[in-house]
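You will see subunit A twice below: alongside subunit B first, and alongside subunit C after that.
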Partner chain A sequence: MEYFELSLPSQAVTLAAPAPGNTTDVLCGVVASGNLEILVEAHSGADVRFMVETTADGFRETWDAVLTQFAGSHASGGLTFTMNDVGSTPAVVALRLAQAHESWLRAGSRA
Partner chain B sequence: MTALSHPVLPKVMRRSFLEASARERVLGLADAGSLQEFCPPAERLASPHLATLGLSRAFDDGVVVGRATLAGARVLLAAQEGRFNGGSVGEVHGAKLVGLLQGALVSKPAAVLLLLDSGGVRLHEANAGILAISEVARAMLAVRAAGIPLLVLLGGSCGAFGGMGIASRLAHRVLMSEEARLSLSGPEVIETVKGKEEFNSRDRALVWRITGGKTRRALGEADVLVEDDIAAFRQAAINTLAALPLAPAADGLAALGQVGLQLRQQALLARSARFAGVRDGDAVITQLSALSAAQAALADATTFEQALAAVSHATAAPDTAQVARRALQADQLLDTEDQAFADRLFGAGSHQLRVNGHFLAGTAQGPAGPLAVVGTRDRAPIGLTLALAMAEAILNVIRQDEVLPTEARRAIVLLADTQGQALSRHEELLGLNGALAHLALCVDLARRSGHPLLTLVRHEAVSGGFLSFGMLGDRICALPEAQVRVMDLRAMARVTKLPLAQLEALAQTSAIFAPGAENFYRLGGIHALWSEQDDWSRALADALQHLDRDDQRAALGAARGGRVLAQSVAERVCALAAQVV
Partner chain C sequence: MNTRKERLAGISHLLNGHHVATDRMVEVLDALIRPGDRLCVEGNNQKQADWLAECLAKTNPDLVHSLHLVQSVLALPEHLDIVERGQVERLDFSFSGPQAGRLARLLEGGKIKLGAIHTYLELFARYFVDLTPKVALVAAQMADREGNLYTGPNTEDTPAIVEATAFRDGIVIAQVNQIVDKLPRVDIPADWVHVVALAPRPHYVEPLFTRDPALITEVQVLMGMIAIRGLYAEYGVTRLNHGIGFDTAAIELLLPTYAESLGLKDKICTHWALNPHPTLIPAIEAGFVKSVHCFGSEVGMEDYVAAHPEVFFLGPDGSLRSNRAFSQAAGHYACDLFIGSTLQVDLQGNSSTATRGRITGFGGAPNMGADARGRRHASPAWLRAGAESAAPGAMPRGRKLVAQTVETFREHNAPTFVERLDAWDLQASANLELPPVMIYGDDLTHLITEEGIAHLCRCHTPQEREQAIRGVAGFTPVGLARDARAVENLRDRGIIQRPADLGIAVSDASRDWLAARSIKDLVKASGGRYKPPMQFRNW
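On to the complex of A and B.
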């Protein structure tokens, strides 16, 4: 089990937080083998923050590459992505992050 | 002649219940936009015990609980996430379910819907898990008795096994897809213990013929067969609630009373006699429906329901049920060991106990009046016959004391000595989980009829067997030799793939998963430990003076420091579920 946090620059996310009680909209994925869950929350800073708990030890470089790529391609400054991971491949992580980001925007647009 | 002779209707917009996550299921089931989750993922009610073992956690501990509307009616609902640790029940997961059910007693919703998808106890926190399932069962019984419609929906890949297989059958109705399974022991467990000839767990078709939705529906262990489609589950839930008779007298299903339970007892006995020795679901389905095995396998839910309705459900001839009934009588004298035990407990000459194999029943003179005694002996494996024997004995006690005022009705001493449920393909096929749920309903009826319930654990109290009667006591005491457990540490190490040494080291400080009556005492699952030096007659008198009519075990576990989350999490969810908005 490995835990790390990472803060990266990213363009500010454009939409406000979803209404309280609608948190089901900002959880993505399931904690299961080869999968992960991502919880999206707002914070007051300008950076995008990642808090990762993963069962696969020793893949920090790969994580950094995937998360840096995501921060560059998705305007997510002001968001925290907290993850519970059970050995997802980089492709699955990238996909879930994109889904989580999209869910946040969708929820925010309704709020 | 072309190969395409069958025009297949396009399954437009069908969303598989099986493939959906727990959240997707509740969102699809409830009216659009009506779901409000209690203690949502952002509150991070994850399991501290998984973290201790270095295992991954989920923000919601694998269960969604909340309120919503269903066709405009106010409902409370829960959904287990089968993909997270097999939907298994740990301390927090179970407490969320308990809180939801307890809240329902206050807010009285139009229904409580439980979307179960669980292999049973989470072995990484085994003791807390089985206690949580026991508390869920107690809370379900309370909701049921309050006349609040309680539905269980099964459509996930884990189905409902172990303690959740028993709990499922405590609901008023079970709605189930063909793809889901409902049983007690998993095929792998039976194969490991009894061999491949008994149950080949790799034969998937066989597994579904024993435990799958169609066999369960044919037997009446499930009430409605539903297509694997979220919208179909939603519609089935709406239809089922509309048709549910709520008057207790109707068919006894709102608060299954004495008459209802006696009828069910007869039906279960007749079913046991009718399908004696049957080991394959095909034989059940072909006898109970107008379909051949091949037709049944291909039938969709509607066709299958029609085929069941086309056959009149004749029960077995009364004389067959009489033969089966004889196996339920305890009529043999005690052996010397049991005699000495009973003498020490009740006093020599103050008891009339009889046995029949592993079954024990009778009467005794207690410190403050007569007692009824019902239980198991000699580390009994609890199968259909033993479960029905105990249910029959409890129903008899209720019937005998019916004429007495409530406060004069006898206390029932539940003697628990069981190695767990019997492991057999035949018993699984006939719904051992359902028979154990029936036993639990009988025990609960005794409580609600005014009979105080005292459980004494003698040698062993293991998993499903203990869950269905012993754990329902108003007070549970363990005798000095008592071994209470879900699974021993070696087996747990195999299943959880954690090193035995790590588990042994943790067992020194944590009561959460290691076997032993002392651990269950610390968690609040055992009220008192009796020692060899104690005067058991006095201890018995004392125990009968200290009965909890409501389930106080979570509070006890918190006070003793062994189970610190169960009570607080249940209270948090309960406070939210109790509100009417």
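On to the complex of A and C.
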């Protein structure tokens, strides 16, 4: 088990961040072998924050590369991604992040 | 005492026509097989002459030894038991599957000499040149009183083995599940068969091509979408062969949903060289599929196949006639695309499933995953791939599309992309003449990963090719070492296409696109005709 937090610069997310307590938090994915779950929440800062709990030790460099690419390609400033990982491949992490991001935007536009 | 006639005369007291009693088979083998014989114990991908293999392992090593095994698949423990008993001197084969580890140990221990690891077509071809079996032990479903054989849906390798053996003064011995007065159809005529015996239980058949849709991941759905838009639709691929894995099962299940939504019905995937994959059922039901020729059958698909004479090759009895040799030839010469998966890809695009300590062999993938240099007939997909690959001023010709679809990381986060294939280590440890490469890089035209598709056939230099491979290699060390500028340049030129470049929203890659999401869905789609084997009944 390994836990780390990472803060990265990212373009501000395109929707106005909802007020605390708003129901636009999005949970995405399933914890199972080779899968992970992601919770997306808004925060008041300009950065994008990742809080990662993973069962696979020793892949910190790969995590940094995947999360840095995501922060650069998806406007996520103002969002926190809390991730609970059970040994996913980088492909799954990148796909789930993109899905969580889009789900948050959709939920935000309905709110 | 070496002609067939002389050898059979030695067991005339045991023969009733072609038939011998079940409990005399070991005696028959002791009498018929001579030291130095080339012996084929029919082992196919699926059907196994397992009882005859057991009898062989009970023969007297003083009489039966110095054998040269020439058979496509070494899947049963008995195949290697006779090696361990010191009865085998030399081995030529194609695929070892579950025996890969044990075979590697026997070779490393010097217990046996390896002729070669063949592809199916090569080994079948050598049967007719210099590796003709003297004795062939084959499996059939039924025999009649005269010794005609009914091989049924799993005909597989039997015609190639029997034709070579029977017409070169060799002896064909068949185990059958049943002896009947009248066969549903004759697959092998009695005068090509010399000894028939009722096996104490039906021969084993492995359900090798059943993939449970419940295990298909969203990344595989994404890669399937990339394949359909970037490869199938782009080149208008109508004649093709699929590998065995979950990646291609995902594509099969996306045809009646995703591909249909793109208006691709009748434009792609109409004619196949393929086993009757259960995951192809929804596409057949949707009218996507016009024709399928099969290497072998698949357990549980018999009734479904029999209900579709407009799609499958059936006998006059209504059941499937498969033939591995013909389907391999079809896969090599008549298909415009081969797509499969692999364990490792290097910087030249060479790929291999070899890992240290395991000699799995090749099977048929290299026959289909290779440009057919002898092909002369044209098709739009073949001409397009050829034109894209051509050096300036070269004689125009076509080219087969050969694609690998791989995730950048495998289980336990092992990178698929590597600087050096494990095949080199296996070559050294097993003393092979060449590293066992499944698909050579210069035959590979396309590489698909979750990062996108690399059109390798559009690269003009080895440097471009290497960057195109690195450019879809994701966060593997090989991918991270890419020249970012060169990769962006390849993307601008359409050599690398990301999902977005193909009009695919990554977030749209959902399992909801799969036409069946469980084995039970496949049963429903088949109208109840598909009867999955017990191990897949999980509802």
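Criterion: the second predicted complex is superposed on the first by the 101 of 111 C-alpha atoms of A that agree within 3 Å, B and C clash if a C-alpha of one lies under 4 Å from a C-alpha of the other, contacts with A are read in each partner's own complex, and residues count from 1 in each chain.
Assume contacts are C-beta pairs under 8 Å (C-beta built on N, C-alpha and C of every residue); 3 or more make two chains touch, one makes a residue touch a chain.
This structure is a prediction, so every number in the text was calculated from the model and none was measured.
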So, does A:Leu39 touch the first partner subunit B, the second partner subunit C, both, or neither? first
Quick one: classify A:Leu27 as touching subunit B (first), subunit C (second), both or neither. first
Go through the superposed model and pick first if A:Thr55 touches only subunit B, second if only subunit C, both, or neither. first
Touch check for A:Ala12: first (subunit B), second (subunit C), both, or neither? neither
Is A:Val86 contacted by the first partner subunit B, the second partner subunit C, both or neither? first
So in the superposed three-chain picture, is A:Met1 touching just subunit B, just subunit C, both, or none of them (first/second/both/neither)? first
Output check: A:Leu95 vs subunit B and subunit C. Expected answer is one of first, second, both, neither. What do you get? second
Residues on subunit A lying within both footprints (that of subunit B and that of subunit C): none
Flag every residue of subunit A that touches subunit C in the complex, lowest number first. 34, 56, 59, 62, 65-66, 87, 89-92, 94-95, 98-99, 101-103
Name, in rising order, each residue of subunit A that touches subunit B in their complex. 1, 21, 23-24, 26-27, 30-32, 35, 37, 39, 41, 53-55, 82, 84-86
Can you list the subunit B residues touching subunit A in their complex? 21, 23, 27, 35-37, 40-42, 54-60, 62, 64, 81, 83-85
Going by the contact rule set out above, which residues of subunit C touch subunit A in the complex? 217-219, 222, 407-413, 449-450, 474-475, 480, 505-507, 509
